[in-house]
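Next up is a structure, given as structure tokens.
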Amino acid sequence: MAALADRLSDTFWRRPRLLLALLLLPPVLWLGVIYVGSLFALLLQSFFSIDEFSGLVTYEFTLKTYAELLIPANFDIILRTFLMATVVTIASAIIAFPIAYYAARYAKGRWKALFYLGVMLPLWSSYLVKLYAWKLILAKEGIITWLLDSVGLLWLLDKILTIPVIGGPSLSVSYIGMFLVFVYVWLPFMILPIQASLERVPGNLIEASGDLGASNAQTFRHVIFPLALPGIVAGSIFTFSLTLGDYIIPGVIGSSRNFIGMAVNAHQGTAGNIPLAAAFAVVPIVIMVIYLSIARKMGAFDAL
Amino acid sequence: MGHPMATAVEFQNVSRSFGTIKAVDNVDLAIEEGSFFAMLGPSGSGKTTCLRLISGFDQPTSGQIRIFGEASEGVPPNRRSVNTVFQDYALFPHLNVRDNVAYGLMVKGIDKASRHKSAEDMLGLVKLNSFGDRKPGQLSGGQRQRVALARALVNKPRVLLLDEPLGALDLKLREAMQDELKSLQQALGITFVFVTHDQGEALSMADRVAVFNEGRIVQEGTPSDIYDRPINRFVADFVGSSNILAPDLVARFGGGNVWGSLRPESIRLTEKSAIVRGAVTTSRYLGAGTRIGVMVGETEIAALLPTGTAVPAQGSDVGLTWDQDALHLMGQG
Amino acid sequence: MPSDQRAPLPLKLFAIGGLLFLHLPILLIFLYAFTTEDKSYQFPPPGLTLKWFGVAMGRPDVWQALWLSVRVGAIATILAIILGTLCAAAVSRAKFFGRETISLLVILPIALPGIITGISLRSAFALMDIPFSTWTIILGHATFCIVVVYNNAVARFRRLSGSMVEASSDLGANTFQTFRYIILPNIGTALLAGGMLAFALSFDEVIVTTFTAGQQQTLPIWMLEELVRPRQRPVTNVVAMIVVLVTLLPILAAYYLTRDGDNIAGGGK
């Protein structure tokens, strides 16, 4: 056995490429061939179409399926998802920024570790548990109702729920509710990159700005914000992409209206329209590719 | 005694190219067994590459390398009877000093008791007797270097390679280590090959020196050969601060129409039988002496005056003389 | 960018408030696990009791789902550690054509929306004629867990000095001995940390799992069922609490294992 090990070791020294190939073969085979292969196969399907009468897939190259995406019912889905992703991203950025700013600038020593863990644990915590928790919180008999009731603002909630489009029978079945849950679940993803890029700003820059006569607001606008921007963009990659592809939250806390993820899910079943499902799936991928290339130009990748 | 010394390491027409760049260019070398051999040169001159060719971490693109007569081609580093002291010492942070030193014995399968004993003996040799239980992170630079040395030597290699071993140490420590390395080598009788860009180190420790430039050996010889009789301007310039004199000056001094070198310390001030006269332009007190610059025509000649000699005032006219054989005529340019 | 001044009070309050906000919903679940009320999300809870823990323990479907999640998590983690370390070793130690694409390849399963990864794997299994079983779940999880181990391993490999590996070889060790005595001890904690995060990730995952699972239920799938068609809400609360606690431990462990490095495990998901 030892002799074999020695012989093999010699061979690896003589042919380092052999060792490299052996190291890479299992993972690349699995990921590159099988995973990416089936990914392509799936996306390729978007260029096929489904025969309306037989319900079977016609394996001919066509853009008909993509055209189907443009019909109002489908396009609405895309638009809705896109809007929700945008709103969630902006809100997350606004809420995350002060938290990240405090953690980067003022938290020291034990507090810093506490903040880090405090953001890390929810980040890795179960997505479903969080969703479930919010379902309970938003429920009619849940804590929000109780809170508002005890300060006498229940009428406000009822009023909000009557707002068309984003309202609904209850918070737990409405766009507002969905929005709250999305922001909550993705917030840690936004906090960490912003904090990372803020930490890279040398403290004396802010002092220098004040020294040169800038007010706090000016310092923020001209010094802090631009330097934090890559982090914000990096975080937005997460929030945007995760919202675009999610199908569980809209299903659990949504009304019957569809989101992209749900549409993909609905169409991909055996009785469904796989080309259409694939076409829907391509949409978030394309959006994210565009978004990512813009983000890269803004230097967001350095903040990751 | 009386039998010829074997050749520990031999390079025959060895080249190592990286694409179009020749890091090592047709090098011939013969390192005698039991000698302390220095490879000296500026960074990028190919000396470190040559070291790696001996240890086996790099392969020549052409030519042959023999270690004690055996061709090293196809022999991996772990099978060569060569050990290396790396520039950054490369101690294993997760093992204590004793296990670091005993590592080479451990992978050969030697039992714990024996290898610990050998390790302790070697630690004694490098004067780190009670350090066995410490971790590398707890040691100073000089101590780490000695552990690296012990770790290499415990395997009784036939050739020990040292890659810029003293570079990271401060001046006092460096000088102390130079003495220690020299006496260690003489006591053990192992062939030491070390790489350095510091000419002072090379001259003080080595038995023979090879000066590298741009992948080639420019001159090889004893420290005295290199210092007193540099073969060309590069060597003269690199190894010590010599006066490099253009052919016309050399001809004036009776040397012929070649480039020459003249060590500042061989020049004396004189009034009567001066070989040349000039005006003093600079004067710098060095503690051990004073270095003055004397303008002769277009060339400033440096002279080192020992302490006690009267230092002439700036601008005064002085006469310089030297022994005939102090002016070294360089064969090449 | 540390500052010596004290933070403005509103900022401090908002930051701490925000942090608490992140944790409160989960703590609420803990509270609800003890409520006496059957419908369970009534606030404030009318009373507190431990009885739901007993009920939860008595439910065979809960145990089955939990056991499946643990099994899947453990094996997927081992696979992810092996594959992730292989990739990381190759990428850190050599320059080769396509090196940057490896990083992209590894992150793809987790970067793309879960539903796309799920469907792709499902069709791959169908194509290769592999029936749905525990193994398809495991393979699916291993696929997106690789990146977690990979990131940790690459960061640690980067800190491993190349000359240490050469020194080992110089002293007579062959490739395998060098791996066992020098490389492994130095990357061990990074692999462990990556493995813990991979386990946590696998334990919580639901989207890809629904596509690769067939008839079986991992714990998250069980929870999803309960979300949509609730049987006994309080039992769900208890299970949720257990899930949070089970995943809390590996995360904390991973943090402490890599705390002194410049790359803290989990910092970039």
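Lettered A, B and C in written order, each chain numbered from 1.
Definition applied: a residue touches a chain if its C-beta (ideal position, glycine included) is under 8 Å from a C-beta of that chain, and two chains touch if they have at least 3 such contacts.
Bear in mind the structure is a predicted one, so any value in this text is a computation, not a measurement.
Enquirer: Report which interface contains more C-beta contacts, comparing A-C against A-B.
Expert: A-C is joined by more C-beta pairs in contact.
Enquirer: What chain lies closest to the overall centre, CA atoms only?
Expert: Answer for the innermost chain: C.
Enquirer: Counting only C-alpha atoms to place each centre, which chain is farthest from chain B?
Expert: Between chain B and the rest, the longest centre separation is with A.
Enquirer: Could you grab the centroid distance between chain B and chain C? Build each centroid from C-alpha atoms only and quote it in angstrom.
Expert: Chain centroid spacing, chain B to chain C, equals 55 Å.
Enquirer: Taking each chain's centre as the mean of its CA atoms, how far is chain A from chain C in angstrom?
Expert: Using C-alpha averages as centres, the distance is 17 Å.
Enquirer: Quick one: report the Å distance separating chain A from chain B, using the average Cα coordinate of each chain.
Expert: Taking the average C-alpha coordinate of chain A and of chain B, the gap between them is 60 Å.
Enquirer: Two or more other chains touching the same residue: where does that happen in chain C?
Expert: 174, 177
Enquirer: Which residues does chain B have that touch at least 2 chains other than itself?
Expert: Within chain B, the residues that touch at least two other chains are 76-79.
Enquirer: For chain A, give me the residues that contact two or more of the other chains.
Expert: Each of 9-10, 13 in chain A touches at least two other chains.
Enquirer: Would you pull the chain C residues touching chain A in the complex into a rising list?
Expert: 1-4, 6-7, 11-12, 14-16, 18-19, 21-23, 25-26, 28-29, 32, 39-44, 82-84, 86-87, 89-90, 94, 96, 102, 105-106, 108-109, 111-117, 119-121, 123-124, 127-128, 143, 146, 174-177, 197, 200-201, 203-204, 206-207, 220, 223-224, 226-228, 236, 240, 243-244, 247-248, 251-252, 255, 264, 266-269
Enquirer: What does chain C use to touch chain B in their complex?
Expert: Against chain B, the touching part of chain C is residues 161, 163-164, 166-174, 177, 181-182, 185-186.
Enquirer: In the complex, go through chain A and note every residue touching chain C.
Expert: 5-6, 8-10, 12-13, 16-17, 19-20, 23-24, 26-28, 30-32, 34-39, 41-42, 95-96, 98-99, 101-106, 108, 115-137, 139, 141-143, 145-146, 184, 187-189, 192, 196, 198-203, 205-206, 238, 241-242, 244-248, 251-252, 261, 264-265, 268, 277, 281, 284-285, 304
Enquirer: Touching chain B in the complex: which residues of chain A?
Expert: Chain A reaches chain B through residues 9-10, 13-14.
Enquirer: Considering the complex alone, what residue numbers of chain B touch chain C?
Expert: The contact residues of chain B facing chain C are 55, 57, 76-79, 82-84, 86-88, 90-94, 103-104, 106-108, 151-152, 155.
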